[in-house]
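Structures are listed in the sections that come next.
First subunit A sits with subunit B, and in the next complex the same chain sits with subunit C.
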Partner chain A sequence: MASYAADKKHKRLSDNTKTSIFLSPAFVVLAIFFLVPMVLTIVIAFTNLALTGSQAQQLQFVGFDNFVRMFNDNQLYSSIILTLIFVFFSAILGQCLMGFIIAFMMKGKNSTFRRIIGIAVIAAWVTPEVVVGFAWTIFLGDSGTVNNVLTFLGQYLPFLPQEPVAWLFQYPMVSVVVANIWRGTAFSMMAFQTALDDIPTEVEEAAIMDGASRWKSVWNITIPMVKGTIVTNLLLVTLQTLGVFTLIYTMTGGGPSGSTMTLPVYMYQQAFVSFQLGYGTAISLVLLLIGAIFSLFYIKFLKVKI
Partner chain B sequence: MNVSKTEKTIHHIVLVIVALLFVLPLIWMLVASVDTNAIQSLKIPDELTMENYLSIIQDPAIVRSFGIGLLLSGGQSIIVVIIAVLAAYPLSRYRASYKKPFLYTILFLTSLPITAVIVPVFQLFLLLRFEDNLIAVMFFLIGSALPYAIWMMKNFMDSVPIELEESAWVDGASVATGLRKVVAPLMVPGMFTVLIFTYTGSWGNFFVPFILLSSQDKMPASVTIFQFFGNYGLIQYGRLAAFSVLYTMPVVILYYIAQRYMSAGFSFGGATKG
Partner chain C sequence: MKNIGKGSLIIFASTLLLAACGNGNGESTGEDTQNGATSGNGEEVTLDVTWRFAGDPDNIGDYVREFSDWYSDEQDEVVINPDPITASEGDYFSNVSLSLQSADTAPEILSQDTFMISADANAGYLVNLDDLVADWDEWDNFIENIKDGVLGEDGSVYGIPTTTDSRGIWYNKSVFEEAGLPTDWQPESWNDIYEAAEMVRDNTEAIPFSMNLASVNGEAVTMQTFQMLWYGTGETMYDEEAQLWNVNGEGIIESFSFIDEIMNQRNLGPSLSVAINQNYGSVIMQDMFPSGAVAMVLDGSWNMSHFVEGGTAEFDNPEDEIGFAMMPTQDGSGDGFITMAGGWSWVIPENSQHHEESWEAIKAMSTEEWQTRRAMKEGTLTVRQDSAESEEYADRPFVETATEALNYAHFRPKHDLYPNISIFIQNAVEAVATGNMTPEEAAEDYRNNVVDLVGEENTY
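Right after this comes the complex of A and B.
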């Protein structure tokens, strides 16, 4: 290290040059396909760009028109709220909590047992999003498995539905939330498994020996010890869920009557169905900003050594 | 652990129920795909058949879409691995003055939702006359997979001790030879992991080709399976199930292979352990 420090200045120069050469392919691709579009987002959000119609002929800067329109757009407000509901219930409450509970219950169990349970949960995660969309549309269908099982049990248990329920029409948000929990829980489960396995069992045992109740030992010992993983996992899962489009699009298409129209689906509607690219971009700018804020928090909490 | 027997039993029961709930939708898919008369609900097949699978693999349009998906994701992931190895090497070995901000930017990009940039990317494609161009779509997929790939690859590279390389240099090897003969062989598991992650990610990506491509004969399997669902999904359950199984299979196999390389366990792609 000493000799390194000695010719540090000389070395740093050549390190920069060498690094730049190695990085150039990555830099070019990232610049064209990430940085340029992001700059474009900001520029185009201030234009009236449209794919068809009279506006398609002449591109104009319209200043804050798109943003003024956004302020008066009720569907946008409801999309933001729907996105928050979707993220809160499917990512934070669903995937994270469920992933934690599964990982917690699996701790210290027989490894073959863990493996089998793990495979069942991970299988859902590995399945491509489009297929998850079909599988759940069919699973929740009028004469699908869920309705068949519920109406069968309903004969004996009066509190269950006696008639098939049109889940995707009557409870569309619940349906997409459940499907997304199903799809994403494995990620949180694996993250928490790694974290929980790192806690020495002695620590928890000692607490119980000291007379702490089971709940108290979980609350005061286990959870604080995996706090870091909880925070990073929450942020990462939130970020992944913010952008979910395919699952909702295949299951409900944003409907019925906009009740599952989260920001990505609304952005798609405006940009590619109504052909209002300028306005669609303004919406994606909102999505990008929300994502960027969470992403910055994520980096802050990840505490990586760079 | 000093956990009561009752608690253990409850854990086992709950976990078995959870696992069953998780596999149920997938079991429908497997069972319906071999049923001559599949319906919406899970049921015992009337009669076992391979007819559903045969009708899918005999449809030239579907087979072509599988081929396109293979080329698109295959080409993408190979290029991603090459670019990522090149990028990871200096980030792991040299001390460039801009290394820190660059890595933070990469980390920032890994977590940004791709959905948020697709509209501007579409505009860029219109501007550059890239619309409906498979190569351009492949490069967008490369760009979107790169941040994560570089990040993972850098972490893998960090775990290859520099001393090994240094001793090769002492023996007279050049940096290039050291990279090729010492680092590359040790990086094979890392490269495979990145390759598989990238491949499975884009194989399952429906959104990007759906937006950026328009000709029917250029659509990869992720889009044709979606169209199949739209057209016949609620009529031909057996065929849809068989299509889904065939489409999901490569990802399952690759994931299974990748798992063996990821022996270190799962910690955000090796990120949290720095």
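Right after this comes the complex of A and C.
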């Protein structure tokens, strides 16, 4: 008996050792490419490291100076608010909602129809962000498609603009939000597609037969059944959108007058255009904090275990 | 059987992993030997030459390739490898700052804007050229005040000037004729500019006066627009001796007022969708200005390359259609005219290899013959006294006025935080141009930003 227990313990130990050995390459890679940069980022945020100039040679610790500077920085507060606006409209309201609606409408339809819509939406998603940025800049330009269509129709419908509208200049936040929704909806759509397809149609039909309206059946039955997917999707899309940089930078460059200067764009400007790496990294910690707050909020509020 | 299968799988996987790691190391040493790390035993040395590639026409690229062919004919040991960075102006500097940090990425010869030299030297990125230049007899042929631009904060030479430039007011002669203005126009005060612009506005369809205003256009806004105005009021941005930044000067408000008058009060400027645009520069100088849609543009002398043979808006007789006038001071006082002068230079990154070979190549590119060729190709102004006097150079359209403006040249402050402060100016200029801030508010905004950044004790 004792030897059997000892054998089992021995086997468990060697199992664990084997596991550790096999996992070690992965740990090493994770450590080098994720852990070390993360730790470095946090460390650099407390220095005044610069890309060039005398502060590029030595790493000088300045304690909380960067954070004090952020506290007094008006541009930072407006960047935070702009980021929140961008995330709310583009990620939560835009991508998640649209993704759900598209997936819901495609449920149970003709597979060719689904395939066509699916490809169209996914094509937008796989296009490189820079290309999307440039395409939308041209699309919204003075002689772009949107203005061409509007001014053409404007000849007949007086409430439409008669002259081309400088979208990127007059409504920069709207333009960027719409472009981002266009780009990212595919992800939510695919997530919800899988989840909705798993729901047997009998459940909804049963509810309708019991007298529930279409809307009630969606709200009280379908949605709770995909709750897990909703939270995961919200989390992922929010975190992705918090980091959107290329799209905004190519479309508006953060302007005009800083009206689309979200945290990633502001970070880039400080770190790479003003060469203040220390300050830029400190701002990135703010972004990290916001991401963490969103995540906690979703998990707590929607009461789902990840 | 199962055990053998598992075992061989483990061996296979670990071999793959090791091979991948091994390859990684092998690649980097491979690159090192490619860069000619084996100098001194007669093997070929390759010098990577980097500049900013901004799309065709690639004047510098053509020049470097021409030089490379000639240099290969002249000697056998060194090969020049053109290795440009494709980037917008702002991104080029960040790219360069990153690449100068490591021996793996630093090129042997780098084209750097002179205003970055002092910061780069402070960072230890550049080789000090004092001794090399002391032994070089050609150094005396370089224009004196241009040499000032390549000094670091410690007064040592860190780069060899290649080009310089001035800024002024380009004007379209056909539009001027239509407006009833003289075609050999030279304003002597800001009022002269307002008058000419108003005549264009009242008598033609053209946009009277255009300048760089969008913060996305970066340094162009500071140097081609704001400093041209501010330094024309008799003030400067930074007192080099006392090491204090000017934040309270009247000239700041007055410069913002000029922008406000042109764009908002008198309606003499372009529409915002033209002005606040990433592509402002190319749209105006290569399309709207040469075609007569814009009458006057405050911009740099290098734009002449668009209007001469090979340019995108080529004219048979450029000086018949286009004029280049010097920018006047605010009321004609002081020197009467003003320009900011910049310029580029070749620098040798500290982290590169083959410093001696790089120096030899740079000397070869800096002879009178090659310097003149460079200025002709790029449409820039030359930095050598003798090249400036050569006939074929001086005969080029607009060169005379552009060179004359250099007599009134000011240079940007040599300070590590200059790029940061320049951004404050760019944002304030855009705010005034779009009507978001009054000139007084913009001046206050600028003052607060600079004080926050450098501390009140460093301002005046």
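One rule holds for everything that comes next: the second predicted complex is superposed on the first by the 276 of 306 C-alpha atoms of A that agree within 3 Å, B and C clash if a C-alpha of one lies under 4 Å from a C-alpha of the other, contacts with A are read in each partner's own complex, and residues count from 1 in each chain.
To be clear about the criterion, contacts are C-beta pairs under 8 Å (C-beta built on N, C-alpha and C of every residue); 3 or more make two chains touch, one makes a residue touch a chain.
Here the structure is a predicted model, which means the values were calculated and not measured.
*Asks:* Tell me which partner A:81 touches in the superposition: subunit B (first), subunit C (second), both or neither.
*Replies:* In the superposition, A:81 touches no partner, neither subunit B nor subunit C.
*Asks:* May I ask you to decide whether A:302 touches subunit B, subunit C, both, or neither, giving the answer as first, second, both or neither?
*Replies:* A:302 contacts subunit B only, not subunit C.
*Asks:* By the touch definition at the top of the document, which applies to A:257: first (subunit B), second (subunit C), both, or neither?
*Replies:* A:257 contacts subunit C only, not subunit B.
*Asks:* Touch check for A:272: first (subunit B), second (subunit C), both, or neither?
*Replies:* both
*Asks:* Would you check which partner chain A:25 touches, where first means subunit B only, second means subunit C only, and both and neither mean what they say?
*Replies:* After superposition on chain A, A:25 lies in contact with both partners, subunit B and subunit C.
*Asks:* Is the number of subunit A residues in contact higher for subunit B or for subunit C?
*Replies:* B
*Asks:* Between subunit B (first) and subunit C (second), which, if any, makes contact with A:93: first, second, both or neither?
*Replies:* Once the two structures are laid over each other on A, A:93 reaches no partner at all.
*Asks:* With both complexes overlaid on chain A, does A:203 touch subunit B (first), subunit C (second), both or neither?
*Replies:* So A:203 meets neither subunit B nor subunit C here.
*Asks:* Taking the superposition on A as described, I'd like to know which of subunit B and subunit C A:68 touches: first, second, both or neither.
*Replies:* After superposition on chain A, A:68 lies in contact with neither partner.
*Asks:* Is A:287 touching anything from subunit B or subunit C once the two structures are fitted on A? First, second, both or neither.
*Replies:* first
*Asks:* I'd like to check the shared interface: which positions of subunit A are touched by both subunit B and subunit C across the two complexes?
*Replies:* On subunit A, the overlap between the subunit B and subunit C contacts is residues 25, 142, 272.
*Asks:* Residue numbers of subunit B touching subunit A in their complex, please.
*Replies:* Listed in rising order, the residues are 1-4, 7-8, 11-12, 14-16, 18-20, 22-26, 28-29, 39-42, 82-84, 86-87, 89-91, 94-100, 102-104, 107-109, 111-124, 139-140, 142-144, 146-147, 150, 200, 203-204, 206-207, 211, 222, 225-226, 229, 233-234, 237, 240, 244, 247-248, 251-252, 255, 265-268, 271-272, 274.
*Asks:* Please give the residue numbers of subunit A that touch subunit B in the complex, ascending.
*Replies:* 11-12, 15-16, 18-20, 22-23, 25-26, 29-30, 32-34, 36-38, 40-41, 44, 49, 102, 105-109, 113, 116-117, 120-124, 126-131, 133-139, 141-145, 147-148, 182, 185, 190-191, 193-195, 197, 201, 204-205, 208-209, 214, 228-229, 232, 235-236, 239-240, 242-246, 250, 264, 267-268, 271-272, 277, 280-281, 283-284, 287-288, 291-292, 294-296, 298-299, 302, 304-306
*Asks:* How about subunit C: which of its residues touch subunit A in the complex?
*Replies:* The contact residues of subunit C facing subunit A are 17, 90-91, 93-94, 97-98, 100-101, 116, 119-120, 122-125, 214-216, 218, 272-273, 276, 278, 416-417, 419-420, 423, 427, 430-431, 434, 436, 452.
*Asks:* State the interface residues of subunit A toward subunit C in the complex, per the touch definition above.
*Replies:* Of all residues in subunit A, those touching subunit C are 25, 50-57, 69, 72-73, 142, 166, 169, 252-258, 269, 272-276.
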